[in-house]
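After this come two complexes, each holding subunit A, first together with subunit B and then together with subunit C.
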Partner chain A sequence: MIARTEALAGAAQGAEPGGKAFSAFLAARRGQDPDWLAEARADAFARFSERGYPSRRDEDWKYTSVEAIAATEFAAAPRPNPAALSPWLELRGAGAPLRVVLVNGRFERALSSLEALPAGLTVSSLKEALAADAEGARTLLLASRPAEDAFTALNTAFCEDAVLIRAAPGAAVGPPLEVLNLATTARAPFALRPRVALALGPGARLTLLDCHAGCRDDDVYFSNALLDADLGPGALLEHVRVEEEARSAFHVSACRVSAAAGAAYESTFITLGGRLARNSLHVVLAREEARCDLRGLYCVAGEQHADHHTFIDHAAPKTTSRERYKGVLDGQAQGVFCGRILVRPGAQKTSAEQSNDNLLLAREAAAHSTPQLEIYADDVQCRHGSTVGQLDEEMLYYIRSRGIDREAARGLLTYAFGNEVIGQIGFAPLRERLSRRLLEATGAARGQKE
Partner chain B sequence: MTSAREIEHFAQAEYKYGWTADLEADSAPCGLSEDTIRFISRKKDEPAWLLEWRLRAFRHWLTMKEPTWAKVHYPKIDYQAISYYSAPRSAAGKPKSLDQVDPKLLEEYAKLGIPLREQEQLAGVAVDAVMDSVSVATTFKQKLSDLGIIFCSFSEAVREHPDLVRKYLGSVVPYTDNFFATLNCAVFSDGSFVYVPKGVRCPMELSTYFRINASNTGQFERTLIIADAGAYVSYLEGCTAPMRDENQLHAAVVELVAHDDARVKYSTVQNWYPGDENGKGGIYNFVTKRGKCAGVNSHISWTQVETGSAITWKYPSCILLGDNSVGEFYSVALTNHRMQADTGTKMIHVGKNTRSTIVSKGISAGHGQNSYRGLVRITRNADGARNYSQCDSLLIGDQCGAHTFPYIENQNPTARIEHEASTSKIGEDQIYYCQQRGISAEDAVSMIVNGFCREVLAELPMEFAVEAQKLLGLKLEGSVG
Partner chain C sequence: MLKITNLQARVAGGKQILNGVNLEVRPGEVHAIMGPNGSGKSTLAHVLAGREGYEIIGGTVEFRGQDLLALAPEERARAGVFLAFQYPVEIPGVSNMFFLRTALNEIRRHRGEEELDAMDFLALVKKKMKIVDIDEALLKRPVNAGFSGGEKKRNEIFQLAVLEPALAILDETDSGLDIDALKTVAWGVNAMRSPERAIVMVTHYQRLLEYIVPDRVHVLAGGRILRSGGKDLALHLEEQGYKWVKDETAGVR
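And then the complex of A and B:
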């Protein structure tokens, strides 16, 4: 197999991870990876080498260029001293009592608080999972999944660690579980590849607070994150994803969720950071009565670019989806939303509703929205809506007539628009922190223009 | 499909129902090359600049790839197996009387209540006697020319008004535009040309029906309509009657230009042969239609009722350049049996305070696949732009598909864009309610569908709307129950 990867060495060009880098990585992993994992990495790397990074000629990447990622050489992620990171954890975390900390994509048990895991919940690092139950880890990590692309392949090829989370059948986990992905400061740009694989047994319930953050805004790194979740029959996953990467960082993530009969997936995606953030969310409602409820807010300014691609696959009858994404775009920021809903043949009694609303606050900001319906069954109720606009002059006038100045009125209305999504987060400490951040951001946006 | 079979496919389409396609010496051999284009141009006695333009288009076409992004599937087209020029057929090759025409077609004519004479013309029956409509057309022509309106075939315009043609040809759809439009530029056969001078309001709806020699415009039609400052024109294309055509591939181009305060209304009813229940045969309709609102306060409105063709690939669009200009798109697309439609519009807002409205109604039945694909782009300087889009789909039967692919691109914070889409089926309860009142299930469906399309049908000129209503009902016969 090593020979095979070397044969690929010449294929990759530019700053893309080349065959040499991959061979070196595999060699370093020797002794840690079982054969099946090494093989899966080689397959994934071959897939990536074949296609390379996507270009804007690819329909899925029409509005988002990854040229800057392709042109940057990313070193291996540094290993900082965990003890020095504590202040950042408090600043960037969600404040949940159950916490897994990944630093630069690596599970740090010393920084995590997993002593009081509720019954039925297991959380392990890749190394621990391989030692305890290699076959189980294999199933969880490598279950065949749709939506393989260059970035998911890169993650599989190069991820150094993973968090494996399992909830036993019927386990109703009360307190939320936080997975905090922290990227540190380094001298040269580096790549981190956080990976979470999660399985909820039949009837299990879990709230996952999935936080991605950097330390300083001028840190340049590339987070290539991946989360896979399998929801058993009747299971419920509440997924709160907060992206607060450094303003100079690249964040390209994928979440792939599959829901069995009667299972429910509820997500809230908050995207605030990163120079380029691209989040793909692929939900398969695989069996009857599965449902999902997706909410999202992207609030970006300056030269930020936030891209959300969601794909809801209604593969069985009587499945339901609700989706509501909102965007606040200031400065020269670009917002992209592409929501695809597929109703497969035979998926009768499907109900799907989707909306995307964008608020443009500045002259140079831009929003691109492509809500898509693809329907192959007739007994369905599907609708989608999309709006792009600015703050309502009459509302502004109303507030100003009460003695509040124009800029403050704008801030208030913008805050109200975005906070509707944040307000859906059940875990109060995180919700309040994000609300405060939004309040500052709407104020900060005001300051910039003056 | 192998190319031999493809050729066979085309050949069969030509020979259907015993029409002989025994072309006279005046036709070009199959295949496409610079020689073919020179041949066409020579036959049509075209000036050198037009031949040069065609050749430029052809050379560019050679570098292009056939697009595959549309949600339609069809066997690969062999562009070398098509004959690109045939002179109007002589009477000898046509059916001698209606007895020789496919009875199914006649049945449909009867249901639509088309007069016998018209039936003959539509079915391509050779009519020796001078038709009534010719004299009617002549009267109209006189009236139009009194007002200074030019309304003639494209070839005639090239001969009589070369300056106008040269000025506007390709000004909206350039010869490099897209695969099918470029092909059209290279080999276009004929079409219509309309010029309405400053401040003139065209007193009647212009229709190809009233244009002499309109019946044989060929498969690569090209239409150019210009409304000068303050002018108004309403143009009708096609008709509700089913159209047979021996050519399977149609790649038309329509260009509209509206100057200051001008208004162009373009209505289409398309009911070309869609193939049989199993999708055999049928027309491939790849059309590029685009209007340019060049002047301030100009207004372009597209209305289309698409009920035919095996494949429809068309996106009538508006480029809103002039300040305060308005673009409108009203569409009903119906797919039944194995028909596939990928249609929609593009509204490009460039001028300030430009407005656009999109209302699209898709109806899928049988195994039909119906996609709305649209783009609304607000460019950086289009202050105060406004768009409203509504795309509704109706599904009849569980084997069909309805898809919506809107693209919204906004670069201006003062713009307001709204897009709404919904998909649903005709409720059992609605049909039950009608049946309870003595209305048959079929009539109920027709009624519900017409209600669903009302906003669009209301945009059609009156007599057209009535026919279109009947047509929709007819097209859905047998799809329920």
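And then the complex of A and C:
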């Protein structure tokens, strides 16, 4: 609310990035951006200007208002001294030995650990990628994507950097690669636009730990994140996405994934932070036998709002999707899940399963769950289910009968509900840190003396 | 240790199930409560453990000098009551080890004892595992989730062994077990027999009593104890079935 007042004072027509701001940005990029990138930015900015931010009249934004974002004037992201950030990196990171660090959307090589990159894996900043192979960078960054919206356009228009990741054909990268997006503390609200573009060659395998975090809970910033991933035939991407933004921050992200024949995309989205978090995940199963397995947990309280919109496009026969999202909502928190599944004509032998289960811990908490199945093929198996409920009384009784009081039993069950998703994360240091965090948040840590 | 006097209970707002149960159990004793389906056996077990949804209409339950019925389920557990469930509840997402350590430390805290750290707890678990021959892998898995019927029952007895209650109530612990699993479970229960501990077994069949020999056998029917005797009473039931019970109950009415 504070941010909003300032913003209204600053700009007569709200605080959407205006033409002036964009011109200034382009000017500042001169010498860094090749022409095609400057043009892409201009196109994207024009698309954004034409329609502006979405409103709740848009079907996709029915339950999530971005008015507060639209009304805030976000300054350019500050450039803090990287050396001062080390403690935050340890607190907020995934603990992977292989790590890219982005501070306020900018690739910080000095803070990253990329000395021991496994064979077949390349990781570069936007500047590095443009210098090494501008055409390759162009293809990776600007391949035509579905699901363009105001926020993806804003990212393209204003992103200052990007992480470009490539795995060569057949490269089975053992250790996970962490991309830690850190937002720092600043005096005024600012925007950061982290961007990752990833391509896995045929048969390549990679685990990506994609962390988004802030420093202090009263930091006001807007993370406008974008990740695009192309999976070649038979490739496997395991994508763990952890959102632990500051409690006063806005986080609107999009992930767009395209899977070729026999490719697999497995993701675990953990959403814990932010005053407003909106994650769009768009997966195209483009060729036969591509599959995806999407898991998610949003665990929010107080006045937080967490929105997950997923769209699985079964564009070819014999494609499989599994989707399981869970929400824990306390206080006056709002959870939104919208899971759209499209089975295109001809996508026979498609199998799709979706579930969304929400746990309401307080009377004023709310969950909106909307499955959307659009099926245009006849030989398909699709199932979906969603629940919104309280804790199971039978389970509470069983736990209490073992000496654990009602409150602790509730904490334990809440922990159990959420930890089922966290437990799917293969990389132990991250899994254990998130488990611990959930344990403390639910009060289930009692009785677990170290 | 446990003194039940004229206990009457009904499902909240519904049917009366216990119609004046009287039972006294002393430390060191093993009692078997037998009876046909619908006689109120399981209700009695859950009323003692404190399940919500029952209304106590009359009578008293005294446990080690305390009014048991006035306590919440967790308070009863801390006071030393343990119920081995007929249908142990699955709790996906919480490992057995985690659950049990939380429970044990909760109980220890209320007894004024030091909480066990991870190392000490593990040592205790290793010792208790032998009692019910439970697989270590099972302990790392979520509580009862995906366990077979036999594994669930064994897990209940394992919890009993770790929590060491003063009074153990076993609700149909033999149901759904094959003979080998039954022997293992019975062996575990026998290992828990001690002069300070009482055990109350609720069962439909006499079979369990071949392996856990009771001091006293009670026949529960129509919500009250119809007959009490020594272990031979169970044999009598085995031969005669429950038909005579039904006849006698009918006679009473």
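In the analysis below, the second predicted complex is superposed on the first by the 430 of 450 C-alpha atoms of A that agree within 3 Å, B and C clash if a C-alpha of one lies under 4 Å from a C-alpha of the other, contacts with A are read in each partner's own complex, and residues count from 1 in each chain.
The criterion applied here is as follows: a contact is a pair of C-beta atoms (placed from the backbone, for glycine too) under 8 Å apart; a residue touches a chain by one contact, two chains touch by 3 or more.
Just so it is clear, the model here is predicted, and its values are computed rather than measured.
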item	value
Subunit B versus subunit C as contact partner of A:D378, first or second or both or neither	first
Touching partner for A:E59 - first (subunit B), second (subunit C), both, neither	first
Contacts of A:I399 with subunit B and subunit C, given as first, second, both or neither	second
First, second, both or neither for A:F417, with subunit B first and subunit C second	second
Touched partner set for A:A408, first subunit B, second subunit C, both or neither	second
Which of subunit B and subunit C A:A186 touches, first, second, both or neither	neither
Contacts of A:L142 with subunit B and subunit C, given as first, second, both or neither	neither
Subunit B versus subunit C as contact partner of A:A365, first or second or both or neither	first
Overlap of subunit C and subunit B interfaces on subunit A (superposed complexes)	none
Residue ranges of subunit A touching subunit B (in the complex, touch as defined)	59, 63, 345-346, 348, 358, 360-390
In the complex, subunit C residues that touch subunit A	49-52, 72-74, 76-78, 82-83, 85, 88-89, 91-94, 98-107, 109-110, 115-118, 142, 159, 163
Residue ranges of subunit B in contact with subunit A within the complex	69, 378, 380, 393, 395-425
Footprint of subunit C on subunit A - complex, ascending	393-395, 397-406, 408-409, 412-413, 415-420, 423, 444, 446-450
